[in-house]
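Below are two complexes that have chain A in common, paired first with chain B and then with chain C.
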Partner chain A sequence: MKQLRPAILGCITLVVFCVIFVVPFFFIALQAVKDRQGSSLLNFSWPSETQLWQNLVDVVQARDYQLLLAYFNSTVITVFSVTGLVIFAAMVGYVLQRRPSKWNKYVNFAVLAGLMIPPAVVPTIWLLQQIGLFKTIHGMILIEIAYNLSFSILLYRAFIATVPRDLDEAARIDGAKPLQLFFRVILPLLKPVTVTNIVVQSIAIFNDFTNPLYYLPGKDNVTVQLTLYNFQSQFSTQYHLLFMNILLVTIPPLIVFIFFNKQIVEGMTAGAVKG
Partner chain B sequence: MPTAQIEKKPRKTSGSPYPLWFFLPAGVIYGVLFLVPTFASLYFSLTRWNLFNSTFIGFENFLSFVQEPFLIKGLINTVIFAVSTALLKTIIGLALGILLTSNIRMRGLLRTIAFFPILVSTIGIGITFAVMMHPTRGIINVSLELIGIDGPGWLTDPTLALYSVAFVEVWRGVGLASVIFIAGLVSIPRDYYEAARIDGATKWQQFKRITLPLVQPATATVMILSFVYGLRSFELIWTMTKGGPGFSSDVIASVIYKQYQAGFYGLSTAGNVILFILIAVMVMPLVAYFNRREVDL
Partner chain C sequence: MSGLELKKVCKSYGAVEVIKDLSLQIESGEFVVFVGPSGCGKSTLLRMIAGLEDCSGGTVEIGGEDVTDAEPSDRGIAMVFQSYALYPHMSVRDNIGFGLSLAKTPKAEMNARVEEAAKILQLTDYLDRKPKALSGGQRQRVAIGRAIVRNPKVFLFDEPLSNLDAALRAKMRLELTELHANLNVTMVYVTHDQVEAMTMADKIVVLNKGVIEQVGKPMDLYNNPATAFVAGFIGSPQMNLLEGAAARKLGAEIYGIRPEHIDISRESGLWRSTVRQIERLGNDAILYLDVEDVGSLTVTTDGQTDVVIGDMLFATPQPQNEHRFPTIAR
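And now, the complex of A and B:
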């Protein structure tokens, strides 16, 4: 009896969790394989005709292959901004943790401000126009770096505190210059937290909707989340295509989650608790 | 012999091994793209502005926020949304955290399931729930009908729309909250509970006297995080209701976007400044409160 209780409780919880958390995803997948008439019913009935492949082709071809362009744009934005984030945030976190200076309190304040303060949207657009970065992919990359720096710096600072200073000393004795010390000795040691950073930030940036909506308008610059938003109005009578699109956009984070779920959970909680 | 080398080498090659210019690349990007617009917003919120020229009009924009009914509505809704989601995420998150740290089976799987929604695009979630909350054909109301309940128009009833969106936000974020609580709960030493049990403390007493005070840092984190997130929330509201029906579920973030689209850039920026002030005014006391409580322990 004593061993049975946790098992029963586990089963009940599992069922409840499945209903609450899994049903919506099941719903997405189910609608995505239905035909137009089936999906317009919006219900859980088993599809009379599954047309996974047909829906896939239709969604990809919609609006001159807009989804492919969006995948390309989102990937470029994600890869470059995460690369920038990792290098720049690690540099800040490293010096911030290692060297007590009068700048530290300003940097710490800026990090907190970056987490709390909502970005001023229209002034940012105005500024981007002045420097010629509005509606450009590289402008978007720089914006993503600026907005997500704080979180990455927090993760790095906390982790660097656990890297012994003796290693710095040893490298200096061997004649390493600051840049060499950082890139050849320290950065490789930060690999666990770098993986966490890459995973968490790439999901956040790939899923970002608000910033591309403001700073990256125009149909040549669509990102995956924007296609979803555009399709919502276009496909209001073609739910099967809309849900196929959601499914396609959800797959990359899903894959990342399956492989890195430990790092994601660790990173999100560590960053949160230290913040 | 090695000590002599320590003395000589580093001093000569360069000043510190931790040069301050390492702050520079991040600092420039952050300064130009975040700080400059933030400071500029303080000025532009006081103007009538069309991106090319701006006319100074004093506090007129801010006055409209407290006079125009649809703007006041946005202000109130923002607070309601942030408070209700933060409270629910904290309470449900703590409950799930306790459940998932007990000796229940399949803990890992359950944690993964609850955590997953936070990773899916908010837009996708918004669209999915908007469809499921369809007043006549949505599965929520169809299921309710099966057990004889006439479900309301979750997103079409003006008194209900905001809360329906808040519910989805809680659904989305409660997994992260519970994972933060789990991290806090497992750090409480088991001996405390054992000692309390020997002294004859009931489950409720153990929860009140041990769990609740010692999980405090996690509570503070969850509350503050969800509160700030709730105040800034835009994506879910925009995909599910667009602030409607009417202005009944507008929040400041959606007002900012609407005014931007309509070309009222000064008013939109004033919305930004108000949101900033709101966060400062409401979150700072929360932070201070939790800091004081922690010292007391």
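And now, the complex of A and C:
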């Protein structure tokens, strides 16, 4: 009896999570292979006619291959923002953790504020316009870095607390300058959180819908999430293409997540217990 | 010329004075050990010499040069930490060579020097391993290797052996002494273990609450402790220190006699006592005696002694080995 109870509980949990996570995904995949009439019903009925390949080609070719441009834009934004995030957040976390000064209070406050206070869209756009970054990819990259910096800093700071100070001192005695100390001794030791940061932030930024919508309008600036608008209009929606598009857009983050989910958990909890 | 001189150095954290006006001269090639109870400022003093901690006052000279404001890497020192502080992501080779690579030493010379250090420390077979895959003693040796390749004028050690088990500690103690003899450089060694201090040092510096109690050769400190604190700290088991009426009867404010300098007999003697406890160590036995009006006495005696708990014994201090101290002023 004693062994049975956890097993039953485990099964129930599995079933519940299956329903929550797998069923929607299955629904998307199912609609993506149907034809226009079939998908407009939005039900689980088995497709009378499958046209996976045709849907795929239609989606990719839509609006002069816009999806490919969107992939390119999203990739550029994601790669550069995540790189910037990792370097800045690790540096800020390191300084906050290792050099107590009277400024720390304010920096900590700013970090928390960045986490808690929702950004105001209109003033941000105004500011971007003033400095000529509105509707530009690099402006978007800076926005993503700014919005996600707080979370990354918190992750890094907790982890840096577990790196023994003796290492810094040994490196100083060995003759390391501050930047050498950071890049050659500290940063390599932060690999577990860096992986976490890369995975979590790249998924978040790749999947970001609202920020590109506000700050990066323009036909040439589309990101993958915005291509979902291609098949929706006020009067008719081509559900089979929309769902195919969703499927294509979901796949890259899903792959990243499946491959790295173990490291994510490790990095998240690494700061908690000393290993 | 690689001596070391501290002139009136002090260190305070806010209102707390950790090191007070401390002056000390260390000759070139000496093995100096700082001992003292926990929290007396040994590590702080060592870190001030290393430059990891600023001096609140006074000057530090290494090799005749004032280095009070110099960076740690410019002082010609190398330090071995209690935690070893090896870089976990680097191989043993890179750990030892890290300082050289920062100094942009040519690759060939760097390899040669790393390998030479590895040979001295018998680490040649482990050069490509990560620190994680080494035993405690091997890690310790890597930490020492990292110090050796820097060719420092002064080696600094902060309790380097305290993470090792007793047998390995004895072995490393010997290795360090031999290393000192071979390299013939100045070494400053911090420990709270008086056995390490006695066995390794050319000169012992006894610290207490941030001031020097006494400086001297190990046997001088053992034979002629300047204060009751030093007397109690050097030597094992601890010296018996009597205070109050019992001490005044023997003509001192504090009267000290080492456990090995008390004779026991069953017939007659100065103090009548009963045996409270016996610890047999094999070659020695340590007796804990209760003496009326005096208190507890520790006595070492022959390991084969037939004394048992509860016996009545007479204990007599050897007159030539008595120590008399004035009251501790502080």
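By definition in this document, the second predicted complex is superposed on the first by the 238 of 275 C-alpha atoms of A that agree within 3 Å, B and C clash if a C-alpha of one lies under 4 Å from a C-alpha of the other, contacts with A are read in each partner's own complex, and residues count from 1 in each chain.
Here is the rule we use: a residue touches a chain if its C-beta (ideal position, glycine included) is under 8 Å from a C-beta of that chain, and two chains touch if they have at least 3 such contacts.
Fair warning: this is a prediction, and the values are worked out from it, not measured in the lab.
*Asks:* Taking the superposition on A as described, I'd like to know which of chain B and chain C A:Tyr229 touches: first, second, both or neither.
*Replies:* After superposing on A, A:Tyr229 lies in contact with chain B but is clear of chain C.
*Asks:* So, does A:Ser101 touch the first partner chain B, the second partner chain C, both, or neither?
*Replies:* First partner only.
*Asks:* With both structures placed on chain A, which of the two partners, chain B or chain C, ends up touching more residues of chain A?
*Replies:* B
*Asks:* Who does A:Gln61 touch here: chain B (first), chain C (second), both, or neither?
*Replies:* The answer is neither, since A:Gln61 touches no partner chain.
*Asks:* Classify the contacts of A:Val185 with the two partner chains as first (chain B alone), second (chain C alone), both, or neither.
*Replies:* A:Val185 sits against chain C, while chain B stays out of touch.
*Asks:* Touching A:Pro164 in the superposition: chain B (first), chain C (second), both, neither?
*Replies:* In the superposition, A:Pro164 contacts chain C only.
*Asks:* In the superposed arrangement, which partner chain does A:Gln37 touch: chain B (first), chain C (second), both, or neither?
*Replies:* Neither partner.
*Asks:* Return first, second, both or neither, reflecting whether A:Ile173 touches chain B, chain C, both chains, or no partner chain.
*Replies:* A:Ile173 contacts both chain B and chain C.
*Asks:* Scan A:Ala146 for contacts with chain B and chain C and give back first, second, both or neither.
*Replies:* After superposition on chain A, A:Ala146 lies in contact with chain B alone.
*Asks:* Under the contact rule defined above, give the chain A residues that sit at the interface with chain B and also at the interface with chain C.
*Replies:* 169, 172-173, 175
*Asks:* Flag every residue of chain A that touches chain C in the complex, lowest number first.
*Replies:* Against chain C, the touching part of chain A is residues 164, 166-167, 169-176, 180, 184-185, 188-189, 191.
*Asks:* Okay, in this complex, where on chain B does chain A touch?
*Replies:* Those in contact with chain A are residues 2, 5-6, 9-10, 13-14, 16-20, 22-23, 25-27, 29-30, 32-38, 40-41, 44, 49, 51, 99, 102-107, 109-125, 127-129, 131-132, 134, 137-139, 142, 171, 175-176, 179-180, 183-184, 217-218, 221-222, 225, 228, 232, 234-235, 239, 253, 256-257, 260, 265, 268-269, 272-273, 275-276, 279-280, 283.
*Asks:* What residues on chain A touch chain B, complex-wise?
*Replies:* Residues of chain A touching chain B: 6-7, 9-11, 13-14, 17-18, 20-22, 24-25, 27-28, 31, 41-44, 84, 87-89, 91-92, 94-96, 98-99, 101, 103, 107, 110, 114-129, 131, 142-143, 145-147, 149, 153, 168-169, 172-173, 175, 177-178, 181-182, 203, 206-207, 209-210, 213-214, 224-225, 228-229, 232, 239, 242-243, 246, 249-250, 253-254, 256-257, 261, 264-265, 268-269, 272-273, 275.
*Asks:* If we count contacts the way the header does, which residues on chain C are in touch with chain A in the complex?
*Replies:* 50, 52, 71-73, 77-79, 81-83, 85-89, 98-99, 102-103, 146, 150
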